[in-house]
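Look for subunit A in each of the two complexes below; its partner is subunit B in the first and subunit C in the second.
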Partner chain A sequence: MTNSVQNVRKKRDYTPYIMLAPALLLICCIIIYPIFYAVFTSFQYYAMFDLANRRFVGLQNYIQVWHDDAFLASLSNTARWVIVTVSLQFLLGLILALILNQNFRFRGFLRSISLIPWVTPGVVIALMWMWMYNGNFGVLNDLLMRAGILGDKVAWLSNAHTALNAQILTMVWQGTPFFAIMILASLQSIPIDLYEAADVSGANIWQKFYYITWPHIFPTIVITSLLRIIWVFNNVEVLYLMTQGGPGYSSLTLSLNAYIEAQKSLNFGYGSTIAVYGTLIMILFMTFYLKFTRKNRER
Partner chain B sequence: MKRKWLALSLSAVMALSALGGCAPNSSSSGTPAASGTSGEPVNLTFWYWEDLEGMHKDILESKWKEYAPDINVKFESIPQSSYHDKLITAMSSNTGPDVFKMYPSWLTELKGMNALEDLTDEVSKWEVLPEIPKAEMDTAYARQDRLYSLPFCNVVLYLYCRADHFKEVGLNYPTNMQEFYEACEKLTRDTNGDGKIDTYGFSMRGAKGGQDMWASLVLNSLKGADYVDENDVPMLTNPTLVKANEMYLNIFKNGWAPPSAPTDGFEQTVQNFKSGVASMLIHHVGSSTGMLEAVGKENLAVVPVPTGDGGKYVPSIPSSIGVYSSSKQKEATLKFAKWLTSPEIHDIISDNVDMVPWMESVQKLDKYQSDPFMKISIDSLPDSKMLPPVPNMGQFTEKIWPQTMQRALLGEISSEQMMQILSDSLK
Partner chain C sequence: MKKRKNFFLFYLPFALLLVFIIFPYAWTFLTSLKNTSELYTKTVHYLPEMPTLNNYRFLFTNTDFIPSMLRSTLIATVTSCIAIIVSSMAGYAFSRYRFPGRDIALSGILLLYMFPQVLFLTPLFITFRNLHLLGSWVSLVIAYCTFTIPFAIWLMTGFMDEIPQEIEEAAKIDGASMPQLFLRVIIPLLKPGMVATGSYIFINSWNEYLYAVMFTSSETRTLPVSLFSFIGEYDVRWDMISAGGITAVIPVVLLFMLVQKHLVTGMTAGSVKG
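Our next item is the complex of A and B:
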């Protein structure tokens, strides 16, 4: 009797693992293996144009990047690109969500059209904004000059001081609806009784926002911001199509640098090293971010 | 119990499917769909990129079917912007196309991967060989002792001028660098009297692909100058070239090129010229049809690239046909590659795709001799030079040149520093 119970337990113990095996195998094939291979490649001199000399170089790539002007420029550009883009997307998304949460005519129509930037493919967005910013025929210059804001045409994407900011604006336009729709969904889940109780207690609009709205939407904001930080950090298509990281290094980010180095220059070893640094930075940032937001939530 | 076994069986099927997904692509080229030995049709894959006027795949496909009905060729068009990456990636995973279009400047790179079939012996017996000029064979050889690709298409750069703009300022078309810079200055002007410059002398390309335009105006300053010498030693730090480069950078710094020049690519530079924002542009015959439509015959003139103190540096952009060394259908691939380089197909491609014919019998045809864009290209062809086939030329054109040129245009680095960086990257 005891033996048969043990046998059943033994069998039961293995069954979940067997059932999970296919999923685990898939994860290993499409996630774990490429990650390990990229880390392995980052310790090599591995250039497709010089395959005969492929070799293990230890930490050489990891040291070399700190003497590379492009890498150093891409570090600060990445910080600006991610922080400014996601902050503005959040701020505008929050305002848009609060507006769309009110009762007014054409609310449904406005909710629908506000999603257009989010559902437009990145390639289309990049090309559209690239021509809007064009220094010679761009509609942006034309509008600003007609409005008397600009005295002369500006080559937005060809100036080191404006290129990255112009592309940040493009990304803000694209990503704001995502924040808005996520926050709107969260706003609609807040029980109306809470606001009624607050009204009875004589709370003003800011107090209602701070004590009722904000605590309810905060978890959504944390998750949405996390997703946007990852997506914006990894975004390559808009930057590559609009300026290829230029002029010079002025809009070169870590992800774009890794992409150009590996996919365009075919220097896989060095490109992988930049990608590994990028991943490490993201892991550190995410750890800090989640700890910080958890503390705020507990408070 | 039954349900458990069913679940386990499903798990096993899923696992096997996953493994299948990790296996090499079974439909990859290089693997014959039919042996060809048993009379069944042979299947080949041909990769190419579309040139400005397209490849006219339908014409080629029907001609090929007439020529060799027993060999099926799948024409696969790959966007030019990602062609090089895809080809190299396919080669490295042993799934490359049987026959493919390539730039001879990639030859060292592809040869280093053992991806190219040696065609020397096969071509030595080829009846079309006397038709191919030595200069074209030299580009296909790309400084190698053996032949690894067949010459296919070619274009050479020349100077497009807005005839109406030149007439307005009373200038002749430039023939040398002094006249060119003078034209840049005089053609930069305010045409509507609002006190702002609205027309620029030269449509400069500072983004990717601008190296050919740059080379034609900088490497002509020193006789025999090129990116590298015959021993692959970089030449760009020569003081004469540094000085000429400074003059080139000054076109932008003096305001003779549109302010957007540092990030202007092909589309923008051509648009600048077509719209009248710029009066001169260096490009090839591939854009002539669009130019004629936009500007009109009476407002468009073409002249050879200006002569410098070292003579002319006429960049050419040849493409060639490579045969994949791992292809299982050697005989069929060679037959197809040779057919692509035959006079009949050469004429079809030159005529339809706006490429410069280099076969003498085709060049002599009246339709090419009477076309000013073709004529100037044909005349410039013998003196033209292609990018040197150094192994990391892809890295140079995709990353090093545009980034370095843009930094120099914005004044972040000097002309000397720019040439030093370019030179170091070619070592």
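Our next item is the complex of A and C:
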């Protein structure tokens, strides 16, 4: 008995560790180390235009943000950006998934077509929508005026009232396919006899949705929404390209603010502080979200 | 199963969604076929009066579009190769072995997905500056590994789980060594998954703008950076800019269409199982 245990010990298999080594090494060098470096930088005054004065300032950056108009404005914009975008993506994604789950001709082809926005480069997304939103020559104004919805031309992206909403629409367009494919996969795993049984007992289409479909796809929706919320919260590409947070601070989000501080102002310390705040908000949110949804699922 | 579909519950919403999804591409394509003067008329011309490919010709001959495209291809290919090698090895370890620290490592890698891209920007910029890598394509390969490797490991672990273990066990009994087993048995079986994951990484690297604009110089810029800079350089040439947009999107769409089925299976497998 002892002999065989010793044998097993001697023959301990190091294969998984060897196979994991390259991945872990890379992750440590290019992900873990930068995370710590960013936190370290966030406690410094560190700006490219004033390198001579680089020094530790303790919590100064962390306090300063609360006196910064740009940061304060970005908080409510971020909430609107995330909540409205993800809700609409979910709603349209659910509808698209329910449609794609039917049997019809060219289904495979149309499914692929409807996923294309998801793999389109952010720059191309921004270009296409900027041209459509163009105040003088854009097609959106023309269509809305022909339909009689709009009396006058609107400069969608240079108007403080419409800039963020216009970009939310662009983001909804971009993210709907992701929701759709996740929900579609879940729909396709529902056993068909559940619906057949419901048909036999005379359930209508809404009852079938409420009692069979919804409970089945709910866990997928919970996870997909979380992934989307994180992704939309962190995403700055479209906002940066289309308006850079403007006009004024009207479309500035927290992540965009951090990016602009680091990339345009080269204010590394302060930019890192904002990015760390963003990360903390997401960690907090995720903890609550998972706790809340787990409780709900257990019920 | 041949029920007639309800107009208001099926055809109408489907048509509206398809128009919403396709319209921006259609509009950009139409714009790319127009003459510059036709863009700036009092009322919008929907169809080009005299369709022309001049914009594409101008784009390919008078701008740095083609060199940028080649650079983007190089960066995306190298990133995909590195990420695929590293993540298929890690995926094998996670899928086939139960070892101390496995669960923590696996969920830790998923957690890395949560960290925002902007958090990495400053550390990477400073590190590349110190290593004199700024402006070089190598810096972008490294930067793209930060957001592709965690996801690639997750995908590859999923693809690996789908492969039955019996084949490997048979090979082991036949006396195959570990490298032999991996190269001769696992990789051929894993190939579709590797192609799907690799394409996904390629697409994401090809599309990336935020790191690219910060880590490249005007001589080494990638396709998205070049394309977006046209807005400043050729202010009123939206016809040419549209041609660039259409050209930039074609390779990713083709690639995506080819691997779509496999990629979607891999991506959705984890979340549907729970």
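Simple rule for what comes next: the second predicted complex is superposed on the first by the 275 of 299 C-alpha atoms of A that agree within 3 Å, B and C clash if a C-alpha of one lies under 4 Å from a C-alpha of the other, contacts with A are read in each partner's own complex, and residues count from 1 in each chain.
One rule holds for everything that comes next: a residue touches a chain if its C-beta (ideal position, glycine included) is under 8 Å from a C-beta of that chain, and two chains touch if they have at least 3 such contacts.
All values reported here derive from a predicted model rather than from experimental measurement.
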Are subunit B and subunit C a fit on subunit A, or do they clash, once the structures share the same frame?
clash
For A:I223, select first, second, both or neither according to whether it touches subunit B, subunit C, the two together, or no partner.
second
Subunit B versus subunit C as contact partner of A:Q263, first or second or both or neither
both
Look at A:F49 in the shared chain and tell me whether it touches subunit B only, subunit C only, both, or neither; answer first, second, both or neither.
first
Check whether A:M19 is in contact with subunit B, with subunit C, with both or with neither, and answer first, second, both or neither.
both
One more residue to check, A:G175. First (subunit B), second (subunit C), both or neither?
neither
Identify the partner contact of A:M132: answer first if only subunit B is touched, second if only subunit C is, both if each is, neither if none is.
second
Quick one: is A:I99 in contact with subunit B, with subunit C, with both, or with neither? Answer first, second, both or neither.
second
Contacts for A:Q244 in the overlay, against subunit B (first) and subunit C (second): which applies, first, second, both or neither?
first
Comparing subunit B against subunit C, which has contacts with more of the residues in subunit A?
C
Would you find which stretch of subunit C runs into subunit B in the superposed arrangement, from 127-135, 181-189, 199-207 or 253-261?
127-135
Report, in rising order, the residues of subunit A that make contact with subunit B in one complex and with subunit C in the other.
15, 19, 22, 26, 134, 136-137, 263
Residues of subunit B defined as touching subunit A within the complex:
4, 7-8, 11, 14-15, 18-19, 21-22, 85, 88, 92, 108-109, 112-113, 196, 206-208, 258-264, 268, 271-272, 275, 277, 391-395, 398-399, 402-403, 406-407, 409-410, 412
For the complex, which residues does subunit A have touching subunit C?
13, 15-17, 19-20, 22-24, 26-27, 30-31, 33-35, 37-38, 41, 92, 95-96, 99, 102-104, 110, 112-117, 119-132, 134, 136-137, 139, 142, 173, 176-177, 181-182, 184-186, 189, 205, 219-220, 223-224, 227, 230, 233-234, 236-237, 240-241, 255, 258-259, 262-263, 268, 271-272, 274-276, 278-279, 282-283, 286
Residue numbers on subunit C that touch subunit A, as the complex places them:
1, 5, 9-10, 13-14, 17-18, 20-22, 24-25, 27-28, 31, 39-41, 43-44, 85-87, 89-90, 92-94, 96-97, 99, 102, 105, 109, 112-127, 142-143, 145-146, 149-150, 153, 178, 203, 206-210, 213-214, 223-224, 227-228, 231, 238, 241-242, 244-245, 248-249, 252-253, 256-257, 260, 264-265, 267-269, 271-272, 274
Residue set of subunit A touching subunit B in the complex reads 15, 18-19, 21-22, 25-26, 29, 47-52, 70, 134-137, 152-155, 157-160, 163, 243-249, 260-261, 263-267
